[in-house]
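As written, the chain order gives the labels A, B and C, with residue 1 at the start of each chain.
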Amino acid sequence: METTLIIKTSRLLRNPNMSIGMLLAMLLAGVTFLGGALVPHDPFQIDMSNRLQGASSAHWLGTDQLGRDVFSRMVFGAKLTIGLGMFAIVMAICIGVPIGLFSGYIGGRIDAFFMRIIDGILAFPDFILAIAIAGMLGPSLTNMIIAIVLVRWIVYARVVRGLVLAEKEKEYVLVSKVSYSSTFKTIRMHLLPQVMPDIIVMAAIDVGKVILLISALSYIGLGAQPPIPEWGAMLNDGRGYFQVIPSLMIYPGLAIMLTVLCCNLLGDGLKSYFDIRKGRDYL
Amino acid sequence: MSEPLISIQDLHVENRVCEKSLLRKVNVEVKKGEIVGLIGESGSGKSLTARAIMGLLPLEMNVSGRILYKNDDLMKITSKEHRKLLGKEIGIIFQDYRGSFTPFIKIGKQMIETICTHQLVRKKEAKNIAFRVLCEMGLNSERVYHSYPFQLSGGQVQRAAIAMVLALRPALIICDEITTALDLMNGEKVLSYIDQVRKETGCAVLMITHDLAQAYKRTDRMYVMHQGEIVEEGLPEQIRCHHKHPYTKKLCSCLLSLPEDESVRKERVISL
Amino acid sequence: MSLVVDGLSKHYSKSVHALDNISFRVNAGECIGIVGESGSGKSTLARVLLGLESYKDGRITINGKPIAPKKRALLREYRKSVQMIFQDATSTLNPKLPIWKSILEPLDNFKEITPSFLQAEGLSRKEVAEELLEIVGLEKQMVDRYPGELSGGQKQRVSIARALSIEPTLLVCDEPTASLDVTVQVQILRLLKDLQKKTNMTILFISHDIRAVTFLCEKVIVLKNGSIVDQFGLEGIYHKERHPYTKALIKAASIE
């Protein structure tokens, strides 16, 4: 068992995208989880005498307009931004995947019902819709997550439904029916394992997208409220001082960029890994 | 005895990556106007032999031996010359008839394109040739010419694919399991048309198949292949009744056949 | 167990008759073959019998009961007694599951069945799958393999093991040998014949190859363009009054 795990991991890491992505992910995870021990300052500590400082040995990335340590805020923000992004994705998968599976497999009216809803939501660009929902619910972190989940689940439902439509014509699904397996069992036993790799790849890439979305919503003031140090909110805070001390915007921007890059690399790596496996299955 | 049209001498094929030899000492000869059968189970290397003749072996294969076609060694000529030979001199028909034509282009157009690349003829002439060969294959040439591949049945598409090969009047036709994807009736139809064309044009046929019964019926000579080696060769009757190699024995014992016809047997006894 | 098909028709559109007024009867323990070329409607017939496709006119009954009833309890009884083997074993096995999981799928749904082939009681699920594999002539060690690691004949054996696990009274075989090598074809046919003798189940064997049908079955039904053109027992196969189409099929299959 252990040896196969090692073989699998080594095959996974042979892909350069994957190994770079893993390196970045480990770095980010390290900063996020060990960050509490690393940071020298309280991210909420206001120190007006030390505002808008450049980098120094006391404040590694300088201080912001209220004299708070930027590095501490970034590390604290990492936990929040990445954590929220993953949470939103998990929620979206929990809603979207079952709907996609059932609506694709059962078809008929249930399918038509969900597909019309999805078409309706898809008619709007997802960012605009997220702004509208978050705006309606009122600016707060919870409402922002609700808005993002409501916008993202359709992507999963649609993709999963498409995969299921192709998959349910396969004969082993028919056999399952002939064997008197219940709908639920057929889906769990035959369809879910088939769509799982695609969902994982999609989710990995989507985390990056959702982090961008969270940051964007926070940037326009609909997400994290001050003084919570979310990366998008930090960008927003730094906006007024961009000409004096651009690093206030550069560092959170860089962090967002690196995270999104990491997610995309991981997603690409996983995709080629699963593609190879798929080819092997059908040999 | 007439000269061999193509003769494969001591063909060795080896996979360089996993160092497995796939073909060992394969010697096959096809004379002009002959139908030769190459029998074997899947994985016995019969399709690989066809690929070696066509020069379509994957790069990781090591090849040695000689393949003489009209006294030219096919292993030595450049790939450009090889390609010239394919189609014009050697035609190949594959098992999977769906792969023979692009699904988005009408069959007629694809045939004209193929004919024009290999022969110096004008479009109009090519069209005439296409119509003639489709007709020879017993197809409704007007209809097939203007159809997309998916509008026809499997047997019809396979026959159109054969027609396309025949349009170039090759001296050798390689049939790689052409009846496997068809049902018995359609398979028989296709084979009898090939037989007919052979009689008319005098071309040679190398028939690769796993169906021993079919080979008995259609071939002049046959080779039995097993795990990359030719284990037995001879006339169909020899293989059928006086086989020596245990593998051939196994093949023959696995032959599906119809129940004996009582009346025919009685007649035989009487005539004896 | 007797299967009665009476006046069965199915149309895809007004002009296309998939099945046209088909009637036949299969008695318990019989082995009936249905021959026809592609497009003759034989696969449609199999799917209709399994309740995978609807039909328009006619009646199909098994032991006097209609097939694939809407009521759940009745459907359960039906599924328990009828199983099917498909042409392409590769696509009937989920590539992501080890074969023992595939084999046990029907048996898991009918927990009340204790198959008579089991030697001992209290076997684990995997051991039951091992016993099933032995019955179809495969090695016990194969239970953990994935379909991708098996040959075509082995996969077909696995799907036969799955169909047999709940000991159906009727087994519908839709071209189970069409995509196999000739030598493997005969092995699979022999296996089916042996199993039929042992379990005395009824087999409806569908094929384009009249040789395979005559190898296995005592009675043959010839299907053409959705209707039955000929029916005969094996002893009458060379009879003068055979339908011309039957004669053509025989001619295509004979060696001479």
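Assume a contact is a pair of C-beta atoms (placed from the backbone, for glycine too) under 8 Å apart; a residue touches a chain by one contact, two chains touch by 3 or more.
Bear in mind that the values here come from a model prediction, so they are computed numbers and not experimental data.
K.L.:
Farthest chain from chain C, going by mean C-alpha coordinates, please.
P.N.:
Result for max centroid distance from chain C is chain A.
K.L.:
Which chain is the middle one, judged by CA centres?
P.N.:
Smallest offset from the overall C-alpha mean is found for C.
K.L.:
Determine the centre-to-centre distance between chain A and chain B, using the mean Cα coordinates as centres, and give it in whole Å.
P.N.:
It comes to 55 Å between the two C-alpha centres.
K.L.:
Please report how many Å separate the Cα centroid of chain A from that of chain C, as a whole number.
P.N.:
Centre separation, chain A to chain C: 49 Å.
K.L.:
Can you give the whole-Å distance between the Cα centres of chain B and chain C?
P.N.:
Taking the mean C-alpha position of each chain, the two centres sit 33 Å apart.
K.L.:
For the complex, give me every residue of chain A touching chain C.
P.N.:
170-172, 174-182, 185, 189-190, 193-194, 280-283
K.L.:
Using the touch rule from the top, collect the residues of chain B that touch chain C in their complex.
P.N.:
41-42, 153-155, 182-188, 210-213, 216-217, 250-251, 254-259, 261-264
K.L.:
What does chain C use to touch chain B in their complex?
P.N.:
Touch list, chain C to chain B: 37-39, 152, 181-187, 189, 208-212, 214-215, 234, 237-238, 248-250, 252-256.
K.L.:
Provide the residue numbers of chain C that touch chain A in the complex, in ascending order.
P.N.:
50, 52, 75-76, 79-80, 82-84, 86, 88, 91-97, 101-102, 105-106, 109-110, 146, 148, 159, 162, 166
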